[in-house]
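By written order: A, B, C and D. Residues from 1 in each chain.
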Amino acid sequence: MIKVSVIGATGYAGAELLSILYRHPQVNVVHITSESHTGEKISELYPHFNSLYENELESLKDIEAIGADSDFVFIALPHGHAMDVALKLKELPTRIIDLGADFRFGDTSIYEKWYKVEHIYKDAARVYGLAEIYREEIRTAKIIGNAGCFTTASILALAPLAKHHLIDVNSIIVDAASGVSGAGRGLKLGNHFPELYDNFKAYNVAHHRHTPEIEQAIEDLSGMKTIINFTPHLVPMSRGILATCYANLKSDISAEMIEPAFQKMYGNEKFIRILGNGAYPETKFVRGSNYCDIAWHIDERTQRVIVLSAIDNLVKGAAGQAVQNLNIAAGFEEDTALDFVPIYP
Amino acid sequence: MIKVSVIGATGYAGAELLSILYRHPQVNVVHITSESHTGEKISELYPHFNSLYENELESLKDIEAIGADSDFVFIALPHGHAMDVALKLKELPTRIIDLGADFRFGDTSIYEKWYKVEHIYKDAARVYGLAEIYREEIRTAKIIGNAGCFTTASILALAPLAKHHLIDVNSIIVDAASGVSGAGRGLKLGNHFPELYDNFKAYNVAHHRHTPEIEQAIEDLSGMKTIINFTPHLVPMSRGILATCYANLKSDISAEMIEPAFQKMYGNEKFIRILGNGAYPETKFVRGSNYCDIAWHIDERTQRVIVLSAIDNLVKGAAGQAVQNLNIAAGFEEDTALDFVPIYP
Amino acid sequence: MIKVSVIGATGYAGAELLSILYRHPQVNVVHITSESHTGEKISELYPHFNSLYENELESLKDIEAIGADSDFVFIALPHGHAMDVALKLKELPTRIIDLGADFRFGDTSIYEKWYKVEHIYKDAARVYGLAEIYREEIRTAKIIGNAGCFTTASILALAPLAKHHLIDVNSIIVDAASGVSGAGRGLKLGNHFPELYDNFKAYNVAHHRHTPEIEQAIEDLSGMKTIINFTPHLVPMSRGILATCYANLKSDISAEMIEPAFQKMYGNEKFIRILGNGAYPETKFVRGSNYCDIAWHIDERTQRVIVLSAIDNLVKGAAGQAVQNLNIAAGFEEDTALDFVPIYP
Amino acid sequence: MIKVSVIGATGYAGAELLSILYRHPQVNVVHITSESHTGEKISELYPHFNSLYENELESLKDIEAIGADSDFVFIALPHGHAMDVALKLKELPTRIIDLGADFRFGDTSIYEKWYKVEHIYKDAARVYGLAEIYREEIRTAKIIGNAGCFTTASILALAPLAKHHLIDVNSIIVDAASGVSGAGRGLKLGNHFPELYDNFKAYNVAHHRHTPEIEQAIEDLSGMKTIINFTPHLVPMSRGILATCYANLKSDISAEMIEPAFQKMYGNEKFIRILGNGAYPETKFVRGSNYCDIAWHIDERTQRVIVLSAIDNLVKGAAGQAVQNLNIAAGFEEDTALDFVPIYP
């Protein structure tokens, strides 16, 4: 049994993390924090936790003590705050899994440019927390920068094509759509029920912060400088991300070369289900699970490949991935507590 | 490890059963049947099962052999078919948990009247499968008639009041609402997406077949002949039932006598969460879980009590309850494989 | 052409009013007010009005001038504010249609008790704005207290039965459900999209303020002191109300006496569609229209009648009804600008 | 007053057409046909039409008589049937507006290739029914091939850029999403409520039949042979299409040249609302109306323009556009009966 704490538990990702950890047989959740609700119980904020969690929410002010009492600390705070927490835990053996963006970038100047905030812990020893690609580095990392939701779906869809040089990486366009839980629990008019119900829209066109995160991974895999388009949309549903990824096939690439690339990279991956050529992932087929379902289509007319991938944004796109990273880092079976069957219908 | 089979696995309740059993550590699913899809894999019908179930769907024609190879058989067929299956397994030690209505009634003439079908196995040794009320009988039953979805929510809401004679049972009105999965996977215009989306309606007013099932339990608990109104509504959502139950308080009953009745009956129940006086269960707080959340309100002006209860119709209202019954009947811990945290949001 | 103004146009009812008035051939909208957005255009708050309304939002501070410039003033403010506006317009010939609750009650002590606010204009000459019942009084009224949304559906469902003494009025239970626009545009966690989506719940059990409004009308129609139960529910949809109304039939009343009561009262009503015995109104069949669809069911077992009625809460339940009242009061054809075909699917 | 008939009125587009025509002051609907429901009333199939349409559905067998009795005939049949109807009306002065695909293509070999059916009326005098581009030809056309839903949104988004040679037309990728009414009223598992609710998916990738229709218009406008990618998605909502259109800006094109192109082409168009650079159309802002809202974004990093457009698929994408075409062809005011304010929320 190890001891873990959740810093910032009252957002949707934090709550999902508590849901998963509740069933983890090798984990004790010892501290849960919330600045806005210190002293309350999590079940007062999330009645679905009634009878499950009796912990009182603590304050982040005691982070050093919390850290000293924890083998792992999950951070589910808005970006910009995890750097501060990590600095305070620098000297402790405590390891950190950050669900935000602070530790996702190798080059912190990219982070500073897109997130408009100064990075105060530039030399942190960290790894990008996308297990299927960076598993070995995750095993021993002090700080794991858990991959973002859109980025997880997008990178997993494109990684085999980029790695095996099957596509022109600068032709990549990722057109993705997410359920509303991805926008968090904070109130705003655009997510007020009557405004969003029976509605569909794009947002942050050409400026979404997941863009450079995708580019970083594609560059790392392909060895090529990469600039892409990423466009998110909001779907009137609670959970789920579908990424529709377009890329021009290189001139000498034939359709038959696609499948082996996916099989080679993901053939033994527990959480990736390769649906194959011509298939259609649906967000509901992975809802509530840690799966990423992937399929692709070849358009012979335009010589483009269209890769489709689906995840649950709160599981494989956030809390599930974080626990997967924990399992790897702690030396547990990678799917411990992640054996969810997707909830359907 | 025991061996179980699922007869009729392609409806929503059957599929949910497979989801739950997948994680049951003491159960092997040995046979899965479907008459309409014999020879196919369940994952071809339900792609969310990809990589989870590789079994080929068998035919019911071999039910005796299937029965002989199974310790327990779950039946998730439309009403009228389980009687036939049970007759064929009569001489075997195999025990049966029927998710349909065939074995829910002590008096089969009530079944015949409401279901318009002759009962061909009237003397079957059976018990009503609502664990919180009939747990002892379930332990040793040959046949368990798993309680219906609306009825589970309604009976659990009213049972303490009926048992302790706090209400006039003939004043009971149950006004309930269900997500659409309760109507099954069969196609019909009323459940075609554009027809139901952004829509709300009642159906089967004064004639729904769950009415006599509720009456039977209330009579059993109160010792009083009971005739009630039950009105179901359809909510444009996938899962969940909320029952709003009205009853006149007996003249000498005060508000303070309600809570002890609930505590006495459910205080130690793992799957019932008593939210208490003045609270509001929501279907989302129990979604994907085996919980039944219950609260009540007293209207001093009309001397009525209004009890609210929420369940997931496919879990506590069907497959979860069936596994709970299995656990009791097989002597397992009652919550084995049912430790789901509700999925939220 | 008459001149009308809309006081408090930025809520959903106010916006719906502007939608309807836009197409009214005998009405000029001369002033639109908003305290929170004075100086802005309505299309900045509601982009669906782009290119339709260019008016700048004014302040309520100039209400006397606005009143003097208007034949009719619609008030779509939260309760408690219309009294003040009406007092300021007392000496003007301007007539008032209030969409809130301030002028709905004949006995202001009931208003004060349920709304927890002192009534400052108790002797206002006013009429309850439910055209099908109070049409004659509306023609000449100075102040029209437009009926509430749940109350419109409930009263129209029960009025013929109460008026013709077919039911025991004190046995009435109204169990109703509304789309979320009924809760307004103000942000709160319960109406945040991910919280409400795929969810269903009751609220304000035994305490909803529409209760005494229904009671007042039933008393007026039946001549009997009336105390009822009214329970609202929230449906994850934008628009629509369905009321399921239960009442005990008087002992000498037979099923055949129901239909004539409805026909006599509503046979010539343009906006009431009598679907008849055994039928099922659906909220989608009236969406975007001023119709109220009504059907009923007789339960011979319990001697209860169950009446179902459906309206669009923002149209017949608010803005449409207000324009219907305007048409009556101004001497226009009653359905002017209200000839919407329900939008389906 | 002119006489019009609707051939095939029981699909969603046909029903929407009846909704719009009901309020058209210069149109009498004289015949409505349905092969599957001949002899019934439309309100039996669509109860929202109760009290509005009393016509009995006729059979297509008498199409010549129906045609002779009509100034205009709307055809809302599945593709492949309108050719046959049109041939039978060839010698009559009756004019035809086909909501299907039979008369959308100048080159019928494209139709035959994508729709897998032989075209039997290749020399029909016809025009593509997208009023903002082909208005003059529509005025006098015998047969109008009403533009498709996805194509209307896509072509209107891209037309100014293609016409003014601002983009490389072969770099166009249209990623679009539609509400489920676009898939029609026919039952299929994929559109069964529980399957689609809280779900999102792509379909017909690289093979959707609206692809060549978009290509034809872009070629016509740009004078360049055009091959594009078009990917449709299904959104769990009833109505609405959002098209997200990507194209590479030509090397000498600057961001400032975009707006004038849109203004020049659409500045005087009643049904196109130019939201401008950096704005976000939402499907709900146009729901129930004939508007197409358009905005665009420039990505300086990738030198791509992303154009967003939103329509109601059943109005501007089908029935509203058909009535707009009727108004032009019959010499009425173009917006007659199309003055809907979008229904919001």
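Heads up, the rule we're going with is that contacts are C-beta pairs under 8 Å (C-beta built on N, C-alpha and C of every residue); 3 or more make two chains touch, one makes a residue touch a chain.
All figures in this text were calculated on a predicted structure; none of them were measured in a lab.
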item	value
Chain hops separating chain D from chain A, counting only touching neighbours	1
Comparison of A-B and B-C by number of C-beta pairs in contact, larger one	B-C
Most distant chain from chain D, judged by the mean position of its C-alpha atoms	B
Interchain centroid distance [CA atoms averaged], chain A/chain C, Å	47
Chain A-chain B separation of Cα centroids, rounded to whole Å	36
For chain B paired with chain C, centre-to-centre distance based on mean C-alpha positions, whole Å	39
For chain B, residues contacting two or more additional chains	12, 179, 181, 194, 197-198, 236-239, 282, 284, 287, 345
Of all residues in chain C, those that touch chain A in their complex	12, 179-181, 185, 187-189, 191-194, 196-198, 236-238
Touching residues on chain C, where the partner in the complex is chain D	12, 15, 19, 22-23, 46-52, 181, 197-198, 238-239, 273, 275, 282, 284-289, 293, 339, 341-345
For the chain C and chain B complex, residues of the former touching the latter	170, 173, 175, 177, 179, 194-195, 197-203, 205-206, 227-229, 231, 233, 235-240, 242, 244, 246, 280-284, 287, 297-299, 301-302, 304, 306, 308, 310, 345
